[in-house]
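Consider the two complexes below, in which subunit A is the common component and subunit B and subunit C are the respective partners.
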Partner chain A sequence: MQFPKVTLERPRWTPFNIVAAIVVVVGLGITVLRFTKGLAATTNLSDYNPWGIWIGFDLLVGVALAAGGYVTSAACYLFGLKRFHTAVRPAILTGFLGYALVVLALHYDVGRPWRLPYPFIVQQGTTSLLFEVAACVALYLTVLFIEWTPAALEWLGLKRARNLVVRLTLVLTIFGVVLSTLHQSSLGALFLIAPSKLHPLWYSPYLALFFFVSSIVAGLSMVIFEGALAHRYFHHKMDEAHRREADGVALGFAKAASWVLGGYFVLKVVGVAQADAWHHLASGYGAWFLVEVIGFVLLPCFFFAIGAREKNLRIVRFTAAWAVLGIVINRFNVGLIAFNYHLPSSERYFPHWMEIGISLFIVTIGVLAYKFIVSHMPILYAHPDYEPH
Partner chain B sequence: MGGPVHSLHEFMLRTESITYILIAAALCAFVFFWRFLSERDDDRDHLGADRPGPGEGGHGAH
Partner chain C sequence: MSISRRRFLGWMGAAGAGLAAGGRAHAAALPPSGGHPDALGVLFDVTRCIGCRKCEEACNRVNELPPPERPFQDLGVLQKTRRTDARTYTVVNRYEGIPGAKGPLYRKIQCNHCLEPACASACFVRAFTKNPDGAVTYDESVCVGCRYCMIACPFEIPTYEYDKALTPRVMKCTFCHPRLVQGLLPGCVEACPSEALTFGRRRDLLRIARERMAQFPGRYLDHIYGEFEMGGTAWLTISGVPFAAIGMREDLGTTPAPELTKGALGVVPVVAAMWPVLLTGIYAINRRRDRIAREEREAAVAAAVARAEAEAKKKLAEALAKAEKDKKAAIEREVKKALEEAARARGEAPAGPTPGTPGATKPA
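On to the complex of A and B.
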């Protein structure tokens, strides 16, 4: 097998690098402010709105979009769909970076971040959903790290350690699916405590189910979306097997996403029926709910189906980006827009520019880390010295 | 939808009835959706590409 090597000198100051450098410098400045002046100086959070975009975007969206790891490894190792094997490493890497950045974002959001390990070593609080989310995220981040290490160990040439970790693949996959099922749903269940604060169209006893099912869509869509980006920007890093199988991965995942989105749409309608919230559809929030459910669930479902049926990769890739945006909108709606809907506009939350700056900073760090790892480690190609696992 | 609700019983009767109708409609719709999704697949796609096609031996691609 040909080992891909790039000898071309690439320009250092590309537009991407310049923008990334600016975001990182500004982000570091805001980081200093956040940890010296506190939350009040850098956020618009208040007692009414204790969770802003660092939770609504960085955590809720971050965890959902990192679901590609468990979805892809389950498809490949648990359901035996080996034709998706080349998608596993990129998906695991995205999942690992996503969860690592979620934990980083939490350090900005919680008032006393040095107390983050307290639920594990000081006071468990096992009746709290947050304890379950914290435990699952911590454990799953560890699982994703171990699942990612074969690539790093191959890069470092540590053959024995790599072979040892590879033997754990099936156990880690099962553990990952169990942990993801638990905490993806628990993130939705967190909002069950606030039935009077969350708009009736979004509040539902099925919130946990909504979050879990939509995380599968997010995972499938992210793998397609990320695969399209990797094809465009890291084509030179891909080996023959990755290039050959990429189209099949996109079409197979589009078919699955279409099916799951159809089920998710039915669940959302059943949620409205169970709450008898039909009359709310005639309000402004109702119009926005319909935009979300029809515009970002039903239509992507239909377009995924068209793309998979016609084997049209352009439609599939475009719809994947569309579905990812839909997940972002859904998490924003539950966490921010439809939350505290009863408050007057003067009391509503809008993020401080520094909050947006930190969110951009964290996303940029993720993109840079992905770029570094994909450029140096065998993520988009199989290392010639090792058997695929 | 419908008139005012005066008791929990009425509420449950209404919401559960609508839910059952919706689920039945969805299950019927899913049959057509599945046909729409997979009618252009060839036999190999129906089996799944991991399984050997006609005339192929072995245990599938790995």
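On to the complex of A and C.
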């Protein structure tokens, strides 16, 4: 067996590299501060606001945006949409990196991160939805890791191990969809326990369903969005099949996203009706709710449909970024903005710059890891020595 | 749990209230108390509280909490509304200008020790315990520090030691559980000079509250806060003004916190059981559809090939037959021609009718 040589080029001072270097250096500095001076020195968390953007963005948004892995592998391997095959590996990779970074971010947020395995090995709090989230995220991170290994094993030339893993594809895909269904929905269900703190327009017994359905939108949109970025920056790494299928993937996913967004919109309306929260629509929170549901659910739904019908990739890609932003807004609303709506503004939370710094740091690590892996491993092209799976 | 008679009488004596009268005969008629019928509680009477902060001082002392920034004798701190924090398990706030109240009113905040605690239900490592004596206690030795308990608590009681880098704990009132075990009263109850806090079995406290309402008509609202709120709490409050006026939420409802997540948790095994079946089914259906499509395609191709072959054969046969016919005709023609020529050569007239013109037979 021969390991491939990793050729580390001399870093070139492109604008991206300069910004990334600054973010990483600052992030490392904040990391030291976080683990020597505590959360008080680095965050604006308080007794009223125990969860800030490290949960609202890094966990809630991170997990939703990493949904591309299960959505794409399910479409290709379970629903038999083989023309999406070249989209699977990039989606699995971004999913794996996304979840890995979510877990990394949690190490900053929880008080004693070395105890993160305690819910599994010391005492199981099975009445907690957070237990379900933790168990599923831990298992799914493992599944994504295994699903990603064929690329690494091909790169390393470990043929037998690679073929063994490939044989597990179907089982892993099914397991991945089950785990994703459970924890994507449970992230929403986390807030079911606090009806007195979450604004009635966002609180709903359907929270779990909202989070699950919108995670499908997030997954589809992220695949389109990341695909567009990959085409811009890694076009030279793509093989013929990838380039040929890419437009079909974007259009197909846009069509699917349009349908799912339509269903999601109806669900949101049902949620308001179920809570009989119509009168809240006339308030400030109501206006913000309408911005979210019309501006970032209904309109992207229409624009995805138009883009797919006209086969207009520009519209599709633009709408994908739009829909992703909508998911971010939704998770921020549930986790931060509409949460603790009853408190006076003096007690409300706004992130400390160091919290934003760590979130940027973690996203940057993800981009750098993606760059390295895509540059070295067969992600955007099929390895010539192996049968596609 | 078993409270020894001696310990129980100790509490009663210390509380100075004739609570021992509460007999077991009442138990069946009273609302459930989280499966612990003998669980203890405290009744806080807002009309009796004078805002002296003696309870805060006692709490700080018996729980060995850090000294306060301003001394407990300083009543100036009451000018600001405060909440529990990592150094304070209980706080008294002052409320002024409430319609219907003669002077300022005071309210004590601490953990209400829910019968079905949201914090305990939310904790993914079971750091919280609802003890049979009613106290909700916290075990820092397993706590990961996710702070979901703080999200879950409808009374916004648990707090966190954000300033500790390596050993932060959730901090909250323990109902002086270690003291109860020794037969001592909670620190705050023991220190209260105005009997605003009454300690006893929760079911007795509910009765006492009603008795006070009956004894002093018009002094109290007909509502024992904590009897049903969030499924009921060990600490109960009675007041002469609406609870919202003294900073207590009246919109919490009566559903215990675990009920709120029961549905979502119940879906988990269903998804875990049915999703694999459903997804394998979808996979199998698609594979079967692909296989049938392939077979049909193959069958269609085979049929088309066979049809083409048969047609070709037929065409060939026809062509051969025609060629044969043409050949025969040509021979006949040639024979006839030869005969005619022979006849003409012999100078005779043609015998019989001419079989068509030469143009009638096309060349093969």
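In this section, the second predicted complex is superposed on the first by the 378 of 389 C-alpha atoms of A that agree within 3 Å, B and C clash if a C-alpha of one lies under 4 Å from a C-alpha of the other, contacts with A are read in each partner's own complex, and residues count from 1 in each chain.
Keep this in mind: a residue touches a chain if its C-beta (ideal position, glycine included) is under 8 Å from a C-beta of that chain, and two chains touch if they have at least 3 such contacts.
Keep in mind the model is a prediction, meaning the values are calculated, not measured.
> So which one touches more of the residues on subunit A, subunit B or subunit C?
Residues of subunit A touched, subunit B against subunit C: more for C.
> After the superposition on A, what does A:G80 contact: first (subunit B), second (subunit C), both or neither?
both
> Report for A:A152: first if it touches subunit B alone, second if subunit C alone, otherwise both or neither.
Touch status of A:A152: no partner.
> Where does A:V270 make contact in the superposed view: on subunit B (first), on subunit C (second), on both, or on neither?
first
> Counting only touches as set out at the top, which of subunit B and subunit C does A:V110 meet: first, second, both, neither?
After superposition on chain A, A:V110 lies in contact with subunit C alone.
> Applying the document's definition of touch, where does A:L220 land relative to subunit B and subunit C: first, second, both, or neither?
In the superposition, A:L220 touches no partner, neither subunit B nor subunit C.
> Regarding the shared-chain residue A:V61, is it in contact with subunit B (first), subunit C (second), both, or neither?
Touch partners of A:V61: none, neither subunit B nor subunit C.
> Taking the two structures together, which residues of subunit A meet both subunit B and subunit C?
80
> What part of subunit A is in contact with subunit B in the complex they form?
These residues of subunit A touch subunit B: 80-83, 248, 255, 258-259, 262, 266, 269-270, 273-276, 278-279, 305, 308-311.
> Inside the complex, what are the residues of subunit A that reach subunit C?
That would be residues 34-41, 43, 45-48, 50-51, 74, 77-80, 109-113, 115-116, 118-119, 122-125, 127-132, 134, 170, 173-175, 177-178, 181-182, 185-186, 189-197, 205, 208, 342 of subunit A.
> Could you list, by residue number, the parts of subunit B that touch subunit A in their complex?
So the residues of subunit B in touch with subunit A come to 1, 5, 11, 14-15, 18-19, 22-23, 26, 30, 33-34, 36-40, 48-50, 60-62.
> Which of the residues in subunit C come into contact with subunit A in the complex?
Going through subunit C, the ones touching subunit A are 83-86, 118, 120-127, 142-148, 150-152, 154, 156, 158-169, 249, 251-253, 257-258, 260-261, 263-265, 267-268, 271-272, 275-276, 279-280, 282-283, 286-287, 289-290.
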